[in-house]
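Got some structures for you, see below.
What follows is subunit A paired twice: with subunit B in the first complex and subunit C in the second.
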Partner chain A sequence: MSTIIFTQPSGTTDAITVEEGTSLMRAAVTNGVEGIVGECGGQAMCATCHVYVRPEFAAALPEIADDEEEMLECTTAERTERSRLGCQIPATPELDGMVVDVPSDQV
Partner chain B sequence: MSEGTFPRAVPDAAWVTIPDLHRDPFPIYQQMRREAPVHWVPAVNRYMVTSYTACHTIEQDAETFSADETDSLMKRSMGHSMLRKDDPEHKVDRDSYGSTLRPGTIKKHWNAIFEANNEKYLSELQAKGPGADFVWDYAAPYAAENLRLICGFHNATQEDMQRWSQTMIDGTGNYADDAEVWAKSAQSSAEVDAAIDEMLPLLAENPDHSLLSGLASMPIPLEAIRANLKMTIGGGLNEPRDVLATTVWALLNHPEQLASVEEDPRRYAVAFEESVRWVAPIGMYPRETTRDTVLEGVQLPRGARLGVVIGAANRDPDVFEDPEAFNIHRVKKPHLSFGGGAHFCAGTWVARAQVAQVALPSVFKRLPGLRLDPADPAVDAGWVFRGMTKMPVRWN
Partner chain C sequence: MGVVIIGGGQAGLQVADSLRSGGYEEPIAVISEEHGLPYQRPPLSKDYLTPGADPVPLPLRGETFFTEKNIDLRQGTTALAVDRSARTVALDDGTELTYDHLVFATGARNRRLSCTGADLDGVFGLKTLVDAQRLHRELAAAQDVVVVGAGFIGLEFAAAARAHGCGVTVLEFAAQPMGRAVSEETGAWFTSAHAELGVRLRLGEGIEHFESDERGRVRAAVSTIGSRYPADLVVVGIGVVANDALAAAAELKTENGIVVDASLRTSDPAVLAVGDCANFPNVHSGTRTRLESVQNATDQGKHAARTILGETTDYTHLPWFWSTQGSFRLQIAGLSSKDDWTVATGDPGAGKFSVLSFRGGQLAAVESVNSPADHMSARKLLGGGLGPTPDEAAAPGFSLKSYARQAASKPSGG
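The block that comes next holds the complex of A and B.
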């Protein structure tokens, strides 16, 4: 189990306990985190689970694969060097305590 | 359902008729949603699900709400495509489409083709002159030609694509079991089989970016290739055709919103999304319950045939403010028009590219003073599929 903290643009936070292997998108949608849509169910096809990962956790993340790279070009909110798709990040013990920022727009 | 309450029985909506749905389903959906999120509707022999939350729940729970419907008309018309399979079988077929429909391939390859096709068919519309029909003289052939090349039917015409698409879709909706409809659908299905058989070896020798070309080198059973291509011919044609015409119709009926879009062309993408929310081109799709279940407080038996009414969910006032209005300035919220979960529309990005990026900006640029023909009114119709069936236009 890892705890992931989703921070809204307003500053409010949701701390979600995520089972190992479950994606950040699935955990957020299941727990009703506002602003994480996950339209395509996790196949890197919709870019509606865009998150900004705080830099101190960047090294613990899986590399960006081609499908994710392609979809990150299609995000509604601006893509930055911290942009990732929540569906492509499975929870691991190394990510315990990670803070991600939810973008202002997802669709 | 809150704890301590009993699930309610499904209300019966015997007052709903197919001709009324076809003409204008939205007042019917308003009344149904006010009463309950799910109704039994004898006229369509299904439980119709009309609330946003209930439709969304179904999309996210494929174990309870299966896409693999018993006695599916679509299976009879087109074969057993990925649209009527659940994961993991669905995923094998879906993955077989590879990168053809993904944003990277669209940017690198398809956009230039969409632009050339748009130039050709918009010029044909202009040549016909004012009074020409926006749907049949432009939107339909444009969408059909794009789809022909995406599929890889180099041995067919855009007219073939239109005929195949319409007759097989008519089969999927042949609830009246009309023998002539089945005959035409079977004829098109056989023509598509023959076209696929001819193209697969040619594309194996000379690969391109098309779906059939990708499939030619994959260990996918021919039966699945045939069914999936037929589903794609159905879904890939009328949806972009209808959203293109509906968006233009909506903007012409709302001149202040058209002015706003013309001022900032990035708003064409917003107009497109608002249009597919407002009038979902696929208004309803089927699911079947795999067990007794309670959906939004309503009791459903195992084996219940459901109609997931996206066209109603997208106008649910619990989610969208003033939902019956076309308003590109509304607060953006996710609509359900492209479906959700594993069956999220594989053609979403192709539709956005060919309609919002290529067609819409050029239509208003190339046809100054574009307006609906006041002497020959446009007609919108349908509920399982909804769009403009007639749209004569004039320009300066």
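The block that comes next holds the complex of A and C.
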């Protein structure tokens, strides 16, 4: 189990307990975190689970695959070097306590 | 009073969600026939079937959503009748709901085969979570799988069955796979791609009947040309039929779905229809269409909410679709038709390409295979009514992504 903290543009936060292997998108949708849509169900097809990962956790994330890279070029909110798709990040013990920022727009 | 939404799928929930975010404060009820929280359907024919993985449903909205937004979700409940003059909906639990606006988001059901043996044990459709969970179990034990229909569902299932090590035969009466959705070029690429996966795709060959074993379970499929394929598991994916009977019984106009205008209202302005069940005037095809997709369900759900809140704009969203078949990704933006002029870009040999469809010299649709950047570029271009000419697209080295970047940087009108 890892705790992931989703921070909204308004500053409010949701701390979600995520089972190992479960994606950030799935955990956020299941727990009703606002602003994480996951329209395609987690296949890097819709770019509606875009999140900004705080830099201190960057090294613990899985590498960006080509598909995710291409989809990230087309997110609704600005893509930055901290941008990832939540569906492509499974929770691991190394990510415990990670803070991710939810963008203002997804679709 | 307030809004009653019949159907707890992607479209119905989006109406409820968008009404609340648009400031609607009256009661909202969602009538959902299935038990449990409404869930996402795309993974049912994909991730849920992968070997080993547990098919855990992915909710469309978390439980807190319904309480926080004060949305009355009636699970395991069926709407039996609508009285439009009294503005009431009668439910199977004996209650009656009144409405100011009624929304049909009743979706579609699988078309069924009528041939001999179509109701044998071991012959399944794939539409609901229950179907997907059953097929997940069946696949673990199956050896010889026959799929009837080479549409999205059939081919997604075929790829999953190969991943389980099953022998897989797909019977498709038409001359190409996904014939209603994609160009010949894309169809041909998927034909060879599935052959390489080891799927036996039999084109121009439909199902004649199924044979039964002594216990009443399917044993073989016999095709329209008389070939016999052993089968201990069959999945039928031959399209869907709109759930429009309740609307028809309420004397709303139906014809391949519930007929609505560009604002998604039926002939009764207090009644709307959205998603798979709605037959609407489509600016992208120039005809009335019914679309079965997450995009259409979501965007029509949002639009219907705006209509209820008093806007009178037309629904003009660009349709887009996707399918994943094993490791193959297909993404489609726009609607192609058989008469379109097509230009392929990229490298089909390397399995990364797009097919651009032109109608009257204008870009009308783009099918992208393993090329998400092309797809997202296509959505931007088609959504803005932009696009290359056929000659520009056919030029050596043409890249949709670079073209879209340049188009975006040009001043308006460029």
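Details
Note that in this section the second predicted complex is superposed on the first by the 107 of 107 C-alpha atoms of A that agree within 3 Å, B and C clash if a C-alpha of one lies under 4 Å from a C-alpha of the other, contacts with A are read in each partner's own complex, and residues count from 1 in each chain.
Going forward, a contact is a pair of C-beta atoms (placed from the backbone, for glycine too) under 8 Å apart; a residue touches a chain by one contact, two chains touch by 3 or more.
This is a predicted model, so every value here is computed, not measured.
The superposed arrangement places subunit B and subunit C in clashing positions on subunit A. Shared-chain residue A:M71: touches subunit B and subunit C both. Residue contacts after overlaying the shared chain place A:G41 against subunit B and subunit C alike.
Once the two complexes are laid over each other on the shared chain, residue contacts for A:E63 go to neither subunit B nor subunit C.
When the two complexes are overlaid on their common chain A, residue A:E81 makes contact with neither subunit B nor subunit C. Shared-chain residue A:Q106: touches subunit B; no touch with subunit C. Looking at the shared chain after the overlay, A:G32 reaches subunit C, while subunit B stays out of its contact range. On subunit A, the surface patch touched by subunit B in one complex and by subunit C in the other comprises residues 29, 39-41, 43, 45-46, 67, 70-71, 73-74, 107. Remark: subunit A residues 29, 37, 39-41, 43, 45-46, 48, 66-67, 70-71, 73-74, 105-107 touch subunit B in the complex.
Residue ranges on subunit C touching subunit A, taken from their complex, read 40-43, 46-47, 58-65, 68, 294-295, 298, 322, 324, 329, 331, 371-373, 376-377, 379-380. Against subunit C, the residues of subunit A that register as touching in their complex are 26, 29-33, 38-47, 67, 70-71, 73-74, 107.
Across the complex, subunit B meets subunit A through its residues 60, 94, 102-104, 273, 332-334, 338, 340-342, 344, 346, 348-349.
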